[in-house]
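See the structures that follow.
In the two assemblies presented below, chain A is common to both, partnered first by chain B and then by chain C.
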Partner chain A sequence: MRDQTVEQVIYWRFNVLHRVVHLVVMFAFIGVGLTGFSMAFSSVGLAQTFVWLLGGIDSVRYFHRFCAVILYLCVVTEILWGLYYRFVLRGNLLGPNSICFRIRDLRFFREHMGYLLGQSEGPPRFERFTWWEKLDYWTLFLGMHSMALTGVFLWFPEFFSRFFPGYFVNIAQVLHFDEAILAVLYKFFIHTAVRHLRPEVYPGDWVIFTGKVTKETMMRAHPGEWALLNAHQQGSATRDQ
Partner chain B sequence: MARLRLFLRRLNTAERTRLLRSSRGLIIAAWLILPIHVQAAWSGDPTPSSSWFVDMNRFLKSAHGSLTCERCHVEMTARDKVHPNREDPTAMKKVVVRSYDYKRCASCHPEAYKRFLQGEHAKELAKEKQAPPPEGKEPPPEKLAPTCGDCHSSHYAQSKRSRVELGTQMIETCGKCHKAQEASYLKDIHGRMGVFLEKKASAYCTDCHGAHTCESLKDKNKALEACRRCHKDATIQFAGILIHAGQQDISKKDPEKQAHAAIIGTIKGFAQTGTIILLLFFALQTFIWILRELHRRLRGR
Partner chain C sequence: MKPRLQTSAVAVCALAFWFMAVWMVGFSIAQEQQPSECLDCHRYRNLNSNEGILSSQQFCYNCHKEEPAAHADFRASKVSFQVKPEYFLKSPHRFVACIQCHTTVAQSPHRSLSGVQCSSCHPKINGSPGTHAEHQRVRCEACHTDSPFVRLDAANNEVKLSHTNAKQATISLAEHKVTDVSREEFCVKCHASNNQVGAPTMVLPSKSFVCIACHYSPMRMGSPVFILAMMVALMGIVGTVVFWFRASVQGEATSVHRKFQLGSEVVWSKIFSREIFSILKTVFFDILLQRRILANSVSRWLIHSLIFYSFFARFALSFLTLFLQKFSPEGELTLALVNKDSPFVATFNDLTGVFILAGVIWAMIRRFITKPEYVSTEEQDTLALVIIGLVTLSGFILEGMRLLVGQIPAQVALSAFAGYVVSKLFSLVNLGWQSIYGYVWYTHALLWALFIAYLPFGKLKHIFTTPLSLLLNYKKG
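Let's turn to the complex of A and B:
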């Protein structure tokens, strides 16, 4: 967990699996978004140029599905990691270090809104994962499932119309498009702004690529986790004595 | 030219300016008019597809370009009158696509003509002939039943066009009368792929509705037959997928499809509202967040 360097103490926030998964998700998401929107807004000249660049509509459709499968595989990887974390590492999925939502996050959210509106001087004492990090994670995690569901409806309409009425394919198309708009605008603008444009992290928070945080960042951004970590260490220190 | 130069050389400066000034209007007018002629020469559609006047340059390049005029306009006399009848003041004002006898097309295109007679458009045409609209109160051409000439340009239609070119042209031709269907088709996956992204395997109007029969496909079994031409494993429920998904496209006699379109519309409304609300909330929250941290930083805390 801790790695002593000459200048400062480094804390490992993300292991190599999560960093690679984030990188793959990032590129696959951009790919799936570009190809998807070039098909959805195909009457726009820019979309037609992009499709031409990729070698025609058939390869765009192939690329869209390829990226989508990669994205879903990343979700599967995360599920497997969750099982590994729970049953092999004996981690607590409902504990303070978990990415899962807790009741406490509601309080954090309310306090954070209060801070934004000037009711308190500073942000609440966040634990390992803040509410917006959990939201980013779970919206993608759950969103990939609903996108995959509507996506396979559009991929294999002949198969699914055996079990469902035909207009379900139309509904799938509507939901697939709307959720794509939501996801792409959220990730491309809001997620990027929160991770790059906020004065706290400007010009960029590289922790998801490097996995490391300094002691200062830890104390500033995750005081709850910092306190917990120190309490544990002191606890173990006293026990050792 | 030499005389003009001599004439100009003899003029003194004052005379020369006066000449320039007086001809300035002409020069400006020429510059304004010139582009119109250039445009007309470039755009290649100066005459409408069916009129009394034929652009021979375009006709010779068309599919019928090798035919003589008499091949289609058989006799130049009708009912002992020379064609066109100069005595009749309305002769040149008649709408050609209504007055031409399109049975003559059948001599070269018998299959197409036979299918046309079986189809919906011919039925409408027969109805219209039985009860023609009153004189002077004729509806606009897109409300009348189509003859061959309404869809096909007999003088300028080109041969050997690619499938995508034909399909794209088809959207315009059918869309002249079926505007709502054109719009909903272009929103559908077949239209988006076929027209804008040039996917040859996509379905254009006539691939489902038939080139000359022009069926409505309200009957699900007929629709399924059309689906199965490409989607081999399609079942009867597959034919329930709405291609023209707008509610105004669907006949009021089809309550089931109307209900489906209404459900789709409701879900679309909810999804769009939810998307907009969520995005607005997070955009505003992020904006305030950035301002708050900026404020805190500027205060030095």
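Let's turn to the complex of A and C:
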């Protein structure tokens, strides 16, 4: 039993903006996926039922584009946050607390693989974001751009075929569909499994919804960041996120 | 004989025999098909192919290419039925078969009963919902065909192309020249002084998004007046929020970033906790049912409810209409809700309007005539009441004028029970209502723009601040 009288030391990992963006992205992504696949696999009975429920193919198209616009607005929000982080909060986009990849992540990856294959005693001392968390983030972030590009091609084919040959629309269709499958497989299976099914956090990792982690989690999962925090300021629970 | 030569000779003979056989069989089939000459023309063409469409067009062009069309019926009236290639072959419909639009002409007798069917391909409210919502009784071709003569068909309350010109002589409508929608003639065909189709003289802009508080309106800013009003309102809102965040948040007095961080953290932790049920209770009882005003005074609650619920219901209906318009633009429900002459919408709008007006008048009486002791009147209270009252009043005047100018049939107009009375009153006076209508429209719009601009500054601010302060001070339980 945990001792309730001792106040737990809390470390903030995600601020409210990031939590909101994650929630919105989550639902918009599910919406885009459901409507998109029910259009792509329109011969399947389940898809037809879903289209009927939403009120016909035009509504499904509208809903798909609505969710897509919301998704892309979240990407824009993240870009604006990056600018805010860099220029207002004076954060270092290439520093240890950033979501951006660093050269050091290659070393973390090698060491982590070595640990998983039994070549070392413990996992590497990960910083604020581990290499797979960064991969999670950047696959979606970059994927949204190629999906948006091919998406607007399919949304306004008359406009774009003024400047590009007609077969570009076909190419956009193939790429949009293939990347949709890739993205849905990655997010629905790999992302959720890696987040929630690891033994340390099973049955669920709530950090993206609560925003906070305990000292134990911090020491276990992000020892590099924890060490850095304690080196700078002894035990301060709230720092700029 | 060499084997290779032998093989070649056999192959040549076989080919010759094959061609002969095919020719003879084909000839005999052609002989048999000779009598079926109806199907030579009246064959069912595949209109999904370019070949089918062009051959279908050619079939019609057999007669409609030249002037005058050789039909006996029309020789007397000297009306041309020539479809002019210089217009049709440049139009967007050049790859569409004639019978795809004129769906009922391919039969005997050869005359169209339904007219051209635009909505078999195009949505009924196409492109610009702001314009089309007002023009639901106008047939597409009345505007989009380049003929200056239109008429109002009183029998089915439809504006359509006229088959006669101003001198009642029959004219041809066969040219197929499509109107350039970017030119002003597009609108002034109907919107001219003393027109017979029930259009106001002035070409009015579409409604703005800010009109959604009471009316269905498209997602656009509309007239510059509304843009100005929105900018003033936004400035006021931003100023208010900046003013709020000048105060300290949970002890933090300087860093705006920390204030937002702490404030948003509190909101987040309240939403995702058990206290959300107490908050929802506050939303339901104190904000939606206005329990505190009722505890204060029943008459005050009645007055406030007459205005508040009417606005709330109108906003809900307009928003639902906008949502449906985006989600299912062709749905029957959408088309009925977009049309302000449809029985439900007309009755609903008049009823809520009457309620608002009654609430405003009652409040005025209390403030200026009966003056109970507990009512303290400030200038900004009066200003808010006057704006709301004038907006509603001008709305009814406008509706009455629209029913009169538009020559809406009585059985349709009666659903707007208050507006119909106003229109009957106006009909007693013979003024140029067609030209006055535009000015009254702008008066109504300007009053609402004033409401929007005034929103964050005066008494009307309470629409946002009172629910907010109720939420911030909710009781746990």
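One rule holds in what follows: the second predicted complex is superposed on the first by the 227 of 241 C-alpha atoms of A that agree within 3 Å, B and C clash if a C-alpha of one lies under 4 Å from a C-alpha of the other, contacts with A are read in each partner's own complex, and residues count from 1 in each chain.
In the analysis below, contacts are C-beta pairs under 8 Å (C-beta built on N, C-alpha and C of every residue); 3 or more make two chains touch, one makes a residue touch a chain.
It should be emphasised that the depicted structure is a prediction, and the values quoted were computed from it without experimental measurement.
Asks: Please tell me, clash or fit, for chain B and chain C sharing chain A in the overlay.
Replies: After superposition on chain A, which the two structures share, chain B runs into chain C.
Asks: Could you say whether A:89 touches chain B, chain C, both of them, or neither, answering first, second, both or neither?
Replies: second
Asks: Does chain B (first) or chain C (second) touch A:209, or do both, or does neither?
Replies: The second partner, chain C, only.
Asks: Answer with first, second, both or neither: which of chain B and chain C does A:58 touch in the superposed model?
Replies: both
Asks: Who does A:16 touch here: chain B (first), chain C (second), both, or neither?
Replies: It touches chain C, and chain B stays clear.
Asks: Go through the superposed model and pick first if A:224 touches only chain B, second if only chain C, both, or neither.
Replies: neither
Asks: Counting residues of chain A touched by each partner, does chain B or chain C come out ahead?
Replies: B
Asks: Would you sort A:31 into first (chain B), second (chain C), both or neither based on which partner it touches?
Replies: Neither partner.
Asks: Following superposition on chain A, which residues of chain A contact chain B and also contact chain C?
Replies: In chain A, residues 56, 58 are touched by chain B and also by chain C.
Asks: Where on chain A is chain B touching in the complex?
Replies: For this pair, the touching residues of chain A are 39-40, 42-43, 47-48, 51, 56-58, 60, 113, 115-118, 121-122, 154, 157-159, 161-162, 164-167, 169-171, 173-175, 178-179, 181-182, 185-186, 189-190, 193-194, 197-200.
Asks: For chain B, which residues count as touching chain A in their complex?
Replies: 186, 189, 192-193, 196-199, 231-235, 237-242, 245, 260-261, 263-264, 267-268, 271-272, 274-275, 278-279, 282-283, 285-286, 288-290, 292-294, 296-297, 301
Asks: Can you list the chain A residues touching chain C in their complex?
Replies: Per the touch definition, chain A meets chain C at residues 15-17, 19, 55-56, 58-59, 62-63, 88-89, 209-211, 240-241.
Asks: Going by the contact rule set out above, which residues of chain C touch chain A in the complex?
Replies: 257, 261, 264-265, 267-268, 272, 326-331
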